[in-house]
Amino acid sequence: MRGQLRADAQRLLRRPAGDGLARFGSIAELRERARRRVPRPMFDFADGAAQDELTARANVEDLAALRILPRPLVDVGEIDVSTTVLGRPIAMPMLGAPTGLTALTHHQGELAVARACARAGTIYIASTMASYTIEEIRAATDGPLWFQLYVMRDRGIARDLMRRAREARCEALVLTVDTPRLGSRERDRRNGFTIPPRITARAVVEGLRRPTWARAFVREGRLGPANLTGGLAEFAMEIDPSLSWRDLEWVRGEWDGPLVVKGVLHPDDARRAVELGAQAIVVSNHGGRQLDGAASTISALPGVLDAVADDAEVHFDGGVRRGADVLKALALGARVCLIGRALLYGLAVGGEAGAARALEILRGELELALALAGCPAVGRLDSSWLLDRHQERAG
Amino acid sequence: MRGQLRADAQRLLRRPAGDGLARFGSIAELRERARRRVPRPMFDFADGAAQDELTARANVEDLAALRILPRPLVDVGEIDVSTTVLGRPIAMPMLGAPTGLTALTHHQGELAVARACARAGTIYIASTMASYTIEEIRAATDGPLWFQLYVMRDRGIARDLMRRAREARCEALVLTVDTPRLGSRERDRRNGFTIPPRITARAVVEGLRRPTWARAFVREGRLGPANLTGGLAEFAMEIDPSLSWRDLEWVRGEWDGPLVVKGVLHPDDARRAVELGAQAIVVSNHGGRQLDGAASTISALPGVLDAVADDAEVHFDGGVRRGADVLKALALGARVCLIGRALLYGLAVGGEAGAARALEILRGELELALALAGCPAVGRLDSSWLLDRHQERAG
Amino acid sequence: MRGQLRADAQRLLRRPAGDGLARFGSIAELRERARRRVPRPMFDFADGAAQDELTARANVEDLAALRILPRPLVDVGEIDVSTTVLGRPIAMPMLGAPTGLTALTHHQGELAVARACARAGTIYIASTMASYTIEEIRAATDGPLWFQLYVMRDRGIARDLMRRAREARCEALVLTVDTPRLGSRERDRRNGFTIPPRITARAVVEGLRRPTWARAFVREGRLGPANLTGGLAEFAMEIDPSLSWRDLEWVRGEWDGPLVVKGVLHPDDARRAVELGAQAIVVSNHGGRQLDGAASTISALPGVLDAVADDAEVHFDGGVRRGADVLKALALGARVCLIGRALLYGLAVGGEAGAARALEILRGELELALALAGCPAVGRLDSSWLLDRHQERAG
Amino acid sequence: MRGQLRADAQRLLRRPAGDGLARFGSIAELRERARRRVPRPMFDFADGAAQDELTARANVEDLAALRILPRPLVDVGEIDVSTTVLGRPIAMPMLGAPTGLTALTHHQGELAVARACARAGTIYIASTMASYTIEEIRAATDGPLWFQLYVMRDRGIARDLMRRAREARCEALVLTVDTPRLGSRERDRRNGFTIPPRITARAVVEGLRRPTWARAFVREGRLGPANLTGGLAEFAMEIDPSLSWRDLEWVRGEWDGPLVVKGVLHPDDARRAVELGAQAIVVSNHGGRQLDGAASTISALPGVLDAVADDAEVHFDGGVRRGADVLKALALGARVCLIGRALLYGLAVGGEAGAARALEILRGELELALALAGCPAVGRLDSSWLLDRHQERAG
């Protein structure tokens, strides 16, 4: 704790450096810098969402609208943000969310983010759509990995990916169920964003305006999803829109480790997934990138918790930009939060160190929020910390 | 379905063309282009609404505020958006709404929109106030038509219009009941919009700034409502403000096909119209063009459904700009949505092909929304897909 | 009614004139023009409100937020907006609200507004603080007048004013009870607004920029309240902050005609005023010019109606800018609406004819709103026309 | 009262002076002027709050959203804003809130604010973090003082501070419990704000642009917290994050005068603090400077009042910018309001006289609000003055 106070003190003493990652003090600042470093189409691919982005905005705004009732006079000399997720201890209640084609944000892509997560003592969830193969990611880090699976038309691909994930010592499988088709990302369409990118006059101009990114990308960048063959369009062709609960049973049979089902908002679906053997549910709307008009994740979280909290873990995804957002989701009952865009902003700014900085910021904010809220350990959070919940119970 | 996936894939592969309708990917983009192609007074006539446009805005905003709870792991390999309306099969749950003086938006007016609807496998509702006669519209397409009727002082006109509608094989009569007088469209007043338009210096200047529209309009345009004699002002004179429930009985007696009553927001009126023989109710506030201050249609829809859903179809009109809006209205219980302004924006941009593009966009968005919401057929939608409705039932 | 339709038709046929009052089609347009005709300090005196103007804004916004459920198929060939107020027939349910120092807006001040009200078949409420004496106003018009009374320290002044009001054939006395002190009008303070105005460099510059207003004001304008001696500052000195319920009893004893109590928001006060002999209550917060933070009048109206509707009339004041606002207040249960700023905007634009135009606009909008809402007479309005009220009763 | 009316009158007669504090008529105007007088980093230190400043904004906005139901016809000839706090009579229900490093806003810092409070007949709460020692503050004024205590790691410091506070005749001890660590003030970080400030090029430039402030500060300014050794960073190191309820008991034992606990939002904590011997609770979120995301104080106030109003006083802190805000907090049940930023804005503008002007504005606004609300004495306020509260009781 004295270390944390020292950090507080240094924050006050230190003039922000002209360079260096330490001068970025919030995810918003990382995002702003990322916007100026990464070519627009690549930034928008990571930052954007479906259609009018109503759901993506609601994720953030509904979280911000929740109000905390802090508790004073609790010894917060030691703040314990460590927890376990599916039995595995992690240093903080945040996981690296699976993101596809991460090398478009920074040429080191998932390698960098996975290392940053390991350094932070937490799990990285490698995506089926990653720019680097699961073997490359495993080679880059000894940290704990989970594997996110899209089940495609050819079930052999899924079986193969599960085998590779097992061999890469992935400790859990995260089955994404909200992508029977790709959402309509209008920024991408307007940007003429394609995978692999075409060499067009506009692309060259964009590259010249972002020379650091472009040089690195030309030397070492990855264009498509490395676990698969072909680009995003091929992937869109191979998505299996007929995926059903039977396939969940099949996956459950194929994978003998812990199974997480990601992309659930409806309580009945959460219950069914748990009955079919899922150990955890990720309440997620894919960051607002799939169905625009879907409920914000924080508005759907209580219903899912009511349905399955006794029998499974509930993980939260969507809109986390501050440590206090993590506190709120955990106070409602989530076990951990998935961190997606925040890590990408950090990655864009400084590769592995930038991604690590993003986690450091969120962890620091969470610790500070817990200390100020009078909660010395994330495990003690409950809904008595939230104004409206408290009033409901009293009312 | 694979065709749809291919479309998704092509969307990702294809750079938006420098021209061609395919590059318009949303109704908002069509509207923006329409605004720059059509002279201001004509654009405002189509786009505008009454007074402060509170109701027109509420139509759109109240729809956007509804939140969907998507259901995963449902086989959405085939999405069936076909339905029936009054017993007639249609390819998608959207009808071409009746709009008056459509040739002011594009010289081909209703001919183009009717053909686009037919091509899309759905019904076009020709307006009493159309720029082309019902006979001309019928000659332009073999597609299914309905006829929208204003009953004017001289009941002979209505009887004559019904006869002509029958002869033109219109399958249903849509009696509009929300126009005992014309609403106050302040944009039109400020634009000095008159029917027929006057040749003023300002009109000439506007024409020179929109040469494509102006040339076509001068060669082939229509000024007034073709089914009637005289312009909008004459129409305003002939509207019958004394229209009453007795007239509905009279119309019911004169027209032996299906009867739809359009312009109902109050549950009691819906019930009465059904008791007097209407087969369907269109919940509509005339797109906010009549009474500014009227409830948004989505806020009035549940009350009307409670009143008559067992005995009649309920159609929804007002504020639909996205496929997800259709999903929401149908999840509440509407059978189909009427598409008005969206078709006019498409028409303005590309005549028949533009109107067809508007329907193609909405249909594609609806299919995608259904797939992402886990509903393989529009017929299965119910209120369990809506967050607040779900919470109400649980609460 | 055919006359009204003819007006609708003419609206469509007629290009708005380059000049003439007919081209102003809404109160907002009159306000915009007034802002450019009247020197800023004088405009702000009329247009502004207390402090942050929270209450003034809430008056308008809370009215706009109410939603109407229109009723179709009702014979609205004749719209009857006539009503009675305290037994007196008036041509429309709007009264000219008492406004002080009206000559600052236009040199003819209350003379012009009173004539406009008479022409419109309704009552004008002359203010104690009027720029013209009650005798001058009576000389200017034969129309029905009420007199608004401030009771000042010297009760003799009030007794004298009541005598003069009686002699001027004022039919009712409106006792304003919300002004024990003057509200803090920050625009006035920032403008250096004083009564009488000082001749400063800034005033001269303002005058030169608004020459029409200035010339007329110099020739014929009135500076202070004519019924009293001294200016606004003297008035502020003479206000009696100790006014109490006992004074209401005293006034009740002195005045044997109908008594209206203006400036009530709390149900208990409405009840007490009626018990002490008031025939009507005006729900008013002085247009937001007194206590900033006071409830909007439309939010307070239902409570007052519940308390006294069986025993007295309830009049509505505050935020009326559209005919539909009148419809809403009457649907909740108000008998008439007071029209203040709207009349001043009209007055500023065109003197008596401008004030008359403001009433003409509001009356026309009300008739149109009633027709479109399916209510042929204001007397038939009730809360079934309002969405939320309807839902409450159903819920 | 006649004096107040005279003030009203003078306000109307007097053109705002080109200089002089009288021309500042609202806290917002003082803030605007302060922003232009004080170097940005110093202004932001006082004006800013934690992270996204959600809580700071909510404090202000939630107060503004409360609606008052004024009561007319009550004798408000004399408005009594005097009250007692912990038994001590004060001239108005506002206390000078403890603020740290006040000399950064104006070189006379707490000396000036304490004198202004004394002049206004109320209490000033000197902060542990004040720029001047408690002995210096006591030497500057004979007015009533309280002392705000931070308990640091070295309990000897707290014991010493309590002794000094007692010797300086501080009448109560205000134990702040919401600062186990310092909140994250992002404006400060971005400004490179440090204590003591560094002499950098930017600082010199800032100083040259604010020469009045800079000259005075160089001659007489204080850099660090005078009661302690070291700057803000050292303070951050010495804060005791392990402060707990046991320490409250210890303080209760050490201090035999009245004890106030500041920084409570949760009802259970209020109850516990009272059980442990606190005479008053300050509902405070540290002006939004600690936990961003904490509930606004006005939203938390009712819960705390329900918990302890029978056994202790409840003081209100956060967001007060208008006299009507004080009325609202008192109507809910608070005894007094703490005034922080408003005093600093005044101080920045005119030192002691400026701080006095801020209190004069708030007192004048409160008196006016009470008069217009029909409440002649703050002691009579209750929740019947608030619209929603009234409706709740009726509903």
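Remarks
Letters A, B, C and D mark the chains in the order given here, with residues in each chain numbered from 1 onward.
Going forward, a residue touches a chain if its C-beta (ideal position, glycine included) is under 8 Å from a C-beta of that chain, and two chains touch if they have at least 3 such contacts.
Quick caveat: nothing in here was measured; it's all calculated off a predicted structure.
Annotation: the chain B:chain C pair of sequence copies touches via predominantly different residues, less than half of the used numbers being shared.
Averaged C-alpha coordinates put the centre of chain B at 58 Å from the centre of chain D. One finds 41 Å separating the Cα centroids of chain A and chain D. Counting partner chains per residue, chain B shows two or more touched chains at no residue at all.
Taken as a contact graph, the chains are arranged in a single closed ring, with each chain touching exactly two others. The touching residues of chain B, counted against chain C in their complex, run 51-52, 54, 58, 177-178, 180-184, 186, 188-190, 192-195, 198, 200, 231-234, 236-237, 239-245, 247-248, 263-267, 269, 273, 285, 290-296, 299-300, 303. Interface of chain C with chain B (complex): residues 1-2, 4-6, 8-16, 25-26, 28, 64, 66-77, 322, 324, 327-328, 365, 368-369, 371-374, 384, 387, 390-391, 394.
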